[in-house]
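Going by the order they are written in, the chains are A, B, C and D; count residues from 1 in each one.
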Amino acid sequence: MNAVTDQRDFAGEGMYREHILDHYKHPRNFGEWKTCSVSHKELNPVCGDQLSFQLNMDEKGVVKDVRFSGQGCAISIASASLLSDEIKGKTIDQINALSRDTVQELLGVTLGPSRLKCAMLSLDTVKNACQIYQKYHAGGKKHGGH
Amino acid sequence: MKTRASASSNGSRTRNLFPILSRKMRGHPLVYLDNGATTQKPSSVLSAMDSFYKKSYANVHRGIHTLSEEATVAYEHAHENVADFIGASSLREIVFTRGTTDSFNMLSRMLTQTFSRGDEIIVSQAEHHSNLVPWQQLAQQKGLKLSFIPYDSRTGELHWEKLEKMISKKTKVVSLTHVSNVLGFISPLKKISKLVHDHNALLSVDAAQSVARLPINVKKMGVDFLSFSGHKMYGPTASGVLYGREDLFSSLEPAYYGGDMVREVTLNKSTWNDLPWKFEPGTPPIVEGIGLGAAVDFLRAYPLEDIFSHEKKIMAHAMNGLSSLGNITIYGPSSPEQRAGVLAFNVKHVHAHDLSSLLNEDGVAIRAGHHCAMPLMTALNIPASARASFAVYTEKSDIDALVEGVRKAQTIFK
Amino acid sequence: MKTRASASSNGSRTRNLFPILSRKMRGHPLVYLDNGATTQKPSSVLSAMDSFYKKSYANVHRGIHTLSEEATVAYEHAHENVADFIGASSLREIVFTRGTTDSFNMLSRMLTQTFSRGDEIIVSQAEHHSNLVPWQQLAQQKGLKLSFIPYDSRTGELHWEKLEKMISKKTKVVSLTHVSNVLGFISPLKKISKLVHDHNALLSVDAAQSVARLPINVKKMGVDFLSFSGHKMYGPTASGVLYGREDLFSSLEPAYYGGDMVREVTLNKSTWNDLPWKFEPGTPPIVEGIGLGAAVDFLRAYPLEDIFSHEKKIMAHAMNGLSSLGNITIYGPSSPEQRAGVLAFNVKHVHAHDLSSLLNEDGVAIRAGHHCAMPLMTALNIPASARASFAVYTEKSDIDALVEGVRKAQTIFK
Amino acid sequence: MNAVTDQRDFAGEGMYREHILDHYKHPRNFGEWKTCSVSHKELNPVCGDQLSFQLNMDEKGVVKDVRFSGQGCAISIASASLLSDEIKGKTIDQINALSRDTVQELLGVTLGPSRLKCAMLSLDTVKNACQIYQKYHAGGKKHGGH
């Protein structure tokens, strides 16, 4: 995977490599459940993108399965699709540890500041969904002091 | 300075006047089609500023030493230059601001200070946030009514006829864009001015997109206030203008305060300086003002009539080229004749952001988004669009690169 | 960028970094002692701006193309650079304005929006109009009380003790200059901050004269808001900063409106962008911001500790030289140790304007007038004064030229 | 007399030539009358200069004699002194025709914008005094339509 190399060479050739287009045209885990552990929707008013994530958690606070829906540009949809695969089997703490670098590594490109916002919408939505889940299941495993 | 270079016939010579345009973008020549956001700068403007800093720089208006005298003369001359350029009577009608947004914040505060609860302000559904949000917020704070000339989907312009029905004795000011930064239409200002003045209201015009695209004469057009930015007319950032009719400016109280705009200050009372300085508090944008003056000289060397017809040819070429690809929606008037330099469009199945990123890979810079006109996007029922916008240095080959890039995007996303 | 050059030992090398200082004034070397009004610019600042225009210029924040991404990164980096320079937590506390006056207009509007009739604002009798007139006008409009820490003719500073008696539960904000632009004194901010915060009021500081003269750390000094201009710290005109503590900035409503400072806009409602952008409406001073960042790099290369002690040596030399002539009144603290870079004085029988004109004939540029501090002039009981003010490039020989010029004036007018 | 030559060479050498210093140190027509046809005072708050002019007019509206007083810099006092000589024997119309160039010619120097303000204070004061006189003596010779 591409590391973040030259700050100034944003989104080099191949930003729309097969990989991203494939996830855009055939998003994984796309759809909506009738019920789930937690669901959350976010909107980026600047570009009109909107994403909704549903998570199903097991009793240990691990993501068992996930669905997402929404509309947006290729970068935001592909990020959501890639992220939906990535978070399966992860704990909330592990999800909170995911960074903007994770998302760029999943996409395989380095993004400039404005496209990064498109890419981060999915991660923000997932993290906020987790926070909501924790708030309502405070009895379970507490959010650790790290 | 008076050498005339025809913009249309000398496209590529014009390009050479702009240092940045020789930059290569990943091996491609730079095709800069984001002029609606900001234009690039010719060498003449850059060197006017750089050499002023290196030769005559000082603060203006109060210094007695030579540098300060030179700076004062140069800064005041820039005001006169701008006055002459837009047909104002004198520098007393020209306030240097930091841009269109600054002009509107200042103007809206000064005017609404004189309004009473229930008075009406009319803008349109197609305004840039800069000519909307200041009025909107002050209307809310002061109990004023804000009304909107609606977008007309049949013509791609505004429902001009509706203004006649809306306007009333309660209307104090009508503030409208001259050229829409999304739809590209040109407002019929002369007609509007008559209507507005018949109702004893004032006409404020947003010339951000028009001032470098078509000739403007505030007196002939019957405009009471005119706002524009230096950076969209080949001048520097942080420069702008608020033109105001002298009798209006004379009677308005300032909205911003500080040094230089005062005549006498005691701990509890202040009186104001002469026009236009009473509206320029603090150290003004000295070097930016001088750069703006140089930009005016640059624009004068073409004339604007030529730029206007040059950009219309480019517009026709672009509208033809894009339409021929199919699956393209173009916003605004369908005839290139009714447009000035701004072309917003969408490509079916390709999000504007992705289009912009793909074009960027080939060195083509366009804008994608809501263009600071969210209410218009709502009216158009789209979250975003692509926008190509032209300048004096835009060539047909730039448009060909754009069209080719859009074609490629269609293939990738098909 | 981290190369350190001692300002005091390298006076003349420093001079070479400033292109304008090689200008000859009627055969004399330029002796520029009007730095309190504005400083000259080093090549590094000028070329940062010029080459940005020639290589990476575009509008910021919303463009997807490479130029806009580069411009955005550079512009945001300049905010981070300034944040780091004054000890702010992050760029969220740094709003780029067009200068100190702009900062105070913005701040005074934002704060007074939250005040109620009868609330009190405290400033001093020695403030620049920029930190007086905005508060004065808004106080009048909103029925607020404006009080003044008086000038103390014994010390040449302010009656600091009086603040303790003045301040009360009604006091919402105390806004004071850090270094007086006439008297040159340095305000004891740490003590004042404690007093102000003990009364649950806020401390706003005018750092226009101090930011390029002594080290500033807003957190250590306990300052809630800090205002300064780029053009007085070796940066460009039309640039400036309003620092604000993040929790305060988060809760304040903006005072200026337009594009880029919004998140969502409908015809009748707007929501605001994140910090600091919610306070930067419209196209910001992009290139000026980048120039300001370069000025910060320039200042960092000395350190400010060295500039401070360099200017103190110059001050001592100047106070000695002038006093030795006789018939000279110097305003402000009598010890050079208590002053920072600003020296106002009058010569018996020679009007300050005439003195300035005479010095100008020998290439010496000083300021003469009321220095935008008319109420202080009233307290000093003079209509005007001469003022010499120093910078990193000021040399002892500049002071010798000043003293010699004053001596000549005394002969001519005797 | 110096013509206004190079805009950029304000206040060349000799701005404080003998001529100006002489009028500053020994102002002509300096003093105050108990009565006069009209008197008027103006202030330049920017530099604190203030000048007061008294005019004695004959029945044809010609300045018979003049006194001025006040304080200011050498340029403003010398201008006032020179001007006070200049206006003697002139009609109000002739005085209204005096310009900033007249004052610079009297001084024998070209001034930059800020010193010009010092120099113009006297002319402004005299012109305003004439205006006041005309207002109260409208019965006499009307202000011609030139």
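Convention: contacts are C-beta pairs under 8 Å (C-beta built on N, C-alpha and C of every residue); 3 or more make two chains touch, one makes a residue touch a chain.
What you see is a predicted model, and the numbers here were worked out from it, not measured in a lab.
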item: Subunit A and subunit D, separation of their C-alpha mean positions in angstrom; value: 79
item: Whole-Å gap separating subunit B and subunit C, where each centre is the average of the chain's CA atoms; value: 31
item: For subunit B paired with subunit D, centre-to-centre distance based on mean C-alpha positions, whole Å; value: 46
item: Separation of subunit A from subunit B, taking each centre as the mean of its C-alpha atoms, in whole Å; value: 39
item: Junction residues of subunit C - those touching two or more other chains; value: 62-64, 66, 68, 264, 353, 357, 360, 368-369, 374
item: Shared-contact residues (touching 2 or more other chains) in subunit D; value: 45-46, 114-115
item: Touch-based graph of the chains, sorted into line, ring, star, complete or other; value: other
item: Chains touching one another, given as label pairs in label order; value: A-B, A-C, B-C, B-D, C-D
item: Residues of subunit C that touch subunit D when the two form their complex; value: 26, 351-354, 357-358, 360-361, 368-370, 374, 377, 382-384, 412-413
item: Subunit A to subunit C touching residues, read off their complex; value: 7-8, 10, 45-46, 112-115
item: Of subunit B, residues touching subunit D in the complex; value: 61-64, 66, 68-70, 72-73, 76, 263-264
item: Complex interface listing, subunit B residues touching subunit C; value: 19-20, 23, 25, 30, 32, 34, 37-38, 40-41, 46, 49-50, 53-59, 62-68, 98-102, 104-105, 125, 128-130, 132-134, 136-137, 146, 148, 229, 231, 236-239, 256-260, 262, 264-270, 281-288, 353, 356-357, 359-360, 364-369, 372, 374-375, 378
item: Subunit C-touching residues of subunit D, taken from the complex the two chains share; value: 11-13, 15-16, 21, 45-49, 72-75, 114-115, 118
